[in-house]
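Should a chain be cited, it is by its letter among A, B, C and D, assigned in written order, with residues numbered from 1 in that chain.
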Amino acid sequence: MKNTRISLFLVLPAIIISFAFFLLPIVQLFKVSVVEGNGISYWNILTQPMYLKSLLSTVGLSTFVTFVSLVIATITGLFLTRYEFWGKQVLIAMLSFPLAFPGVVIGFFVIMLAGRQGLFAQIGLALVGERWMFAYSMAGLFLGYLYFSIPRVVLTVMGAAEKLDQNLIEAGRSLGASRWQIFCDVTVPTLRPGLISSGSICFATSMGAFGTAFTLATNINVLPMTIYTEFTLNANFAMAAALSLILGLVTWVCLGIAKRQGAASVGMGG
Amino acid sequence: MKNTRISLFLVLPAIIISFAFFLLPIVQLFKVSVVEGNGISYWNILTQPMYLKSLLSTVGLSTFVTFVSLVIATITGLFLTRYEFWGKQVLIAMLSFPLAFPGVVIGFFVIMLAGRQGLFAQIGLALVGERWMFAYSMAGLFLGYLYFSIPRVVLTVMGAAEKLDQNLIEAGRSLGASRWQIFCDVTVPTLRPGLISSGSICFATSMGAFGTAFTLATNINVLPMTIYTEFTLNANFAMAAALSLILGLVTWVCLGIAKRQGAASVGMGG
Amino acid sequence: MTDKTNSVEITLKNITKTFSDGTLALKPTDLTIKAEEILVLLGPSGCGKTTTLRLIAGLEFADSNGGSINFGDKNVTELPIEKRKVGMVFQSYALFPNMNVSENIVYGLKVRGIDTAVIDHKLAEMLKMFDLEKYAKRGVHQLSGGQRQRVALARAIITEPDVLLLDEPLSALDALLKARLRGDIRTLLKSLGITAVYVTHDQEEAMAMGDRIAVLDHGEIAQIGSAKEIYLQPKNAFVADFIGQMNRFEGNVIDAQLVLNTGKKIPLSSEALASSNANETLSMMLRPEDIRLTKVTDEQHALTGIVSSSVFLGDRTRVTLEKVQKEGKVIVDCFQRIEYPSGQIVALSFESKHLIPLQG
Amino acid sequence: MTDKTNSVEITLKNITKTFSDGTLALKPTDLTIKAEEILVLLGPSGCGKTTTLRLIAGLEFADSNGGSINFGDKNVTELPIEKRKVGMVFQSYALFPNMNVSENIVYGLKVRGIDTAVIDHKLAEMLKMFDLEKYAKRGVHQLSGGQRQRVALARAIITEPDVLLLDEPLSALDALLKARLRGDIRTLLKSLGITAVYVTHDQEEAMAMGDRIAVLDHGEIAQIGSAKEIYLQPKNAFVADFIGQMNRFEGNVIDAQLVLNTGKKIPLSSEALASSNANETLSMMLRPEDIRLTKVTDEQHALTGIVSSSVFLGDRTRVTLEKVQKEGKVIVDCFQRIEYPSGQIVALSFESKHLIPLQG
């Protein structure tokens, strides 16, 4: 018993100091955003179109990506869980391929699909004699974000669907419910925590995606790129700090929601 | 029964086509790496010092970061699980702060700590009259990677340690084992899957980290930066593709290991 | 709900079930469950009892070899569960976790689009019947195991199904609650007058619950009959061992007696003798509670054994005897709170009518 | 290991345990466990039985109010489990998942740095004793519940502890295996001659296992004694209800009889009368197996009831009677395979010595 108390008093300060180091940059960030910006950085974000547009378009893009990912992934995930067919295991293993590439490479993927020499350009050329190109637009960004979001949600939905108690569905059927009634009343509520959790992570990842956006060098300034530009090129530290804190806050809330719904620890990293 | 079969035949092709789209870029990448590189891209990686150095330094850095993260995080995680003290819940909540920031912002953190105006510079100036600066070196990169790796591993270790059956430890004690023997024979083996899993993810994240490296604009060319440079600036598509595939393969294997050890679906994204 | 429902007779004719992996889960089976009867399907795991229940429910479909399942006059062989008018109660309760108690109970009425006033009336009736009024608005996760079971039952019978199917409904509960609820459920089923099929692996539960019991073994019905028939006249060793404790004696028939391998002798009844030949090897079974232990008076002729342990279990003393036969022990249940010290030699006596000949 | 170990007497004097949240888990308790005795701590969850075991183990420490725990002459009150020489068997088995069967069994010797040859010799002995030779190299996850339990026992006794502590070691197993293993474990403990403390919430297991049983209730020992003492002379209603089924009769003492609220009369024994006053309200308890049912011959004077249900349970028929008292039912276990149709009026008879006066 006494040993325990001694080790507690020895280790605790060490841990608190380490934590302080963890927090220091965030505190510093806040200081910079307020002091160097004369307290008007946050006001500027709301009033200057450039920043506001960056914030809103990032939020909009992320929301849309999340929504589309959830719909596609739920259908696919339920389908993959419920039916057995030849090659299913290979298909599922392939699903994790996109997760293995960093944002930069995913940017290239979009260029290969929708760039000047891309697949869509070839198809367009063959069909209507005109290259279909959208790699460097909002659509390209959307495609790239979908690419790394869908597999993540599909795998979560599959995990949740496998845990779905078949007796619940059978109970619903014995009570005379139709397939659609069971889907709405039993399946979806059971999947809900998984959907909220993976949706939150999907949203947070999209909000913080830098590599993809940077590679596509798009005209749409998503938030992480704006932060980079302000800090490195414009040396507008206060604005970069304010935007970073807003982005961090949004992501932190999303991760908190995901964790509440039972997701393992996840983070943005890189 | 018949309905099932019809829906299977309707949905299956749709899903296979979607999967094809998922795979297409990867196949394309492989084609580019082999065809455009005249088949010697992979050979070049091994023989040209610039590429080999990039590959080896990325692997080395990631390995070291993973190792240090595991050691620090295991001690911290076990400590936080085992002892109750005032403010513990706040400390744990603070742990997830670093996970909320994208790589770009974490790069800034390193600059704020170890840059020209950073904390270490101030301390050095006060102590020895000389600015301590290492933000733009391997050490700075190491610090940044640690910053986003440690919280992730700590949270995993805490999750695993909470599930640790206290009876196992009590059984060991009843058999006369010392604290250290129990740590080695009972605690560590129980945590092992969690450590392997979060270590793998930590390694994969470090391998693919772009934002942090790019912000620090370091002289060490880590792999994602090399890929970016080859593709965008040097237009050496074959080399970029070959490096991407190698990076993807390494990451995919790591994620596979993590998943085998029971991690939820994770990915690089962004 | 206070009226008796229209109960139906269930008839299975030549029903077979092969799983997709080729396992024969149910060998060709004929089974009739009378209207208003509670039939218990009893057996160890993997014996086919749950498969039989799921075939009756319409959750599985029988092999297409001409077999049929009828509910009364109606052939339901091809009908899925939605169209069979069955109520089901699952071992896991299978309550909808996103609905509260009331929402769970009325779900079967709601999906049918029944009028709200009718639903409310029936709900009130159910809540009262199952003593759940206090819990009407509670989430199902806040309920105890016994309360969940009552909600599951209420949900199953509110739609007034023709048949009620119960799949080990009590096995998740503790022993005391189990013993109480099985009486309640039987009373409920009898008052509803509903035809019910009840699956369990617990022999005491089966005897307490069923009008008849079908003991299943390896995908076929080993015996079907009342609890008494099955306990007192088990058709084979499997049934005898599965329903309660059983002693077995093996020997040769010599001079109207069964001579064991220790040379000890058991007198046989005239029925047993009539169906066996002299010198034939014969196995006889005997329940522990049918044996009485007495002092050894005539060591030469008596059937004796040595007490190896004697355990007081409250309502009985369970005495284990050695050396009656060369191998195996004989278990005796004594209801007269007497002690038997280990090592004591005792004589076994019993009425020869209690000896059960082992067939097959 | 074939020799008897040096077993010790365990003495708890004025031991109290308060949890950090302020709950009093164990009220001041004195308890002596004799050398070589198997003492069973029996009670519902939260009664303090596991806390008592953990205090004896040294996994918890008693409140510092002068109480003491002795193993023989040695005061171990302040010693942690590592230094108490106790073997423990847990409900969850607590086998080390990263070690195989042999590694688990020898762990206690290995950490002590015992010579390899000695370890190998003892391991072989244990594997043989517990019939685990075939599984020596298996991972513990490949074992059945019963096998895991045997490994846990082997691991606990290989170090030859002074005391063996078992915390519900059978409660994770199914009923049949449980019944078999409890006999095996008792035989083992007796052959080792080790002092053992056995925690369970199962009364039949307690009676089959213990030399003495301590029934705990709300952090104190309600009664301690042999199975027979506790079953036949329960000190209070809690003990009576916890050990087996019990009927309760309440009434006033009039003319040497207990007059129930239905006016029916129960004759009292002279002992019961001696300790009660006329007109006093008295509660008497009676076991279901102590009641005999007979035909009503003298309706005026007999104690009668109406059969509400009669369930054949194999070795007994459990008859439930109504209307003996105004409230509650009387349960009777009949061992003479007789049927009692519902609604029949029957007379209850019993020897007055079987009536247990309810105290407290």
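Throughout what follows, contacts are C-beta pairs under 8 Å (C-beta built on N, C-alpha and C of every residue); 3 or more make two chains touch, one makes a residue touch a chain.
The structure displayed is predicted, hence computed values, not measured ones.
> Between chain B and chain C, how many steps is the shortest route if every step has to go to a touching chain?
When the steps are counted carefully, the minimum from chain B to chain C is 2.
> Using mean CA coordinates as chain centres, what's the gap between chain A and chain B in Å?
17
> How big is the gap, in whole Å, between where the Cα atoms of chain A centre and where those of chain D centre?
Their C-alpha centroids are separated by 57 Å.
> List, in ascending order, every residue of chain C touching at least 2 other chains.
none
> So what shape is it, when you link every pair of chains that touch: line, ring, star, complete or other?
Topology of the interface graph: a ring, with each chain touching two neighbours.
> Can you work out from the touch definition every pair of chains that touches here?
All touching pairs, sorted by chain label, are A-B, A-C, B-D, C-D.
> Which residues of chain B touch chain A once you look at their complex with the stated criterion?
4, 8, 11-12, 15-16, 18-19, 21-26, 28-29, 32, 72, 75-76, 79-80, 83, 85, 91, 94-105, 108-109, 112-113, 119, 147-152, 155-156, 159, 198, 204-212, 214-215, 217, 224, 227-228, 231-232, 240-241, 244, 247-249, 251-252, 255-256, 259, 263-270
> For chain A, which residues are in contact with chain C within the complex?
Per the stated touch rule, the residues are 165, 167-168, 170-178, 181, 185-186, 189-190, 192.
> Can you list the residues on chain D that touch chain B in the complex?
57, 59, 80-82, 86-88, 90, 92, 94-99, 107-108, 111-112, 155-156, 159
> Can you name the residues of chain C that touch chain D in the complex?
So the residues of chain C touching chain D come out as 175, 183, 203-204, 207-208, 226-228, 231-232, 243-244, 287-289, 309, 311-316, 318, 333, 335, 337.
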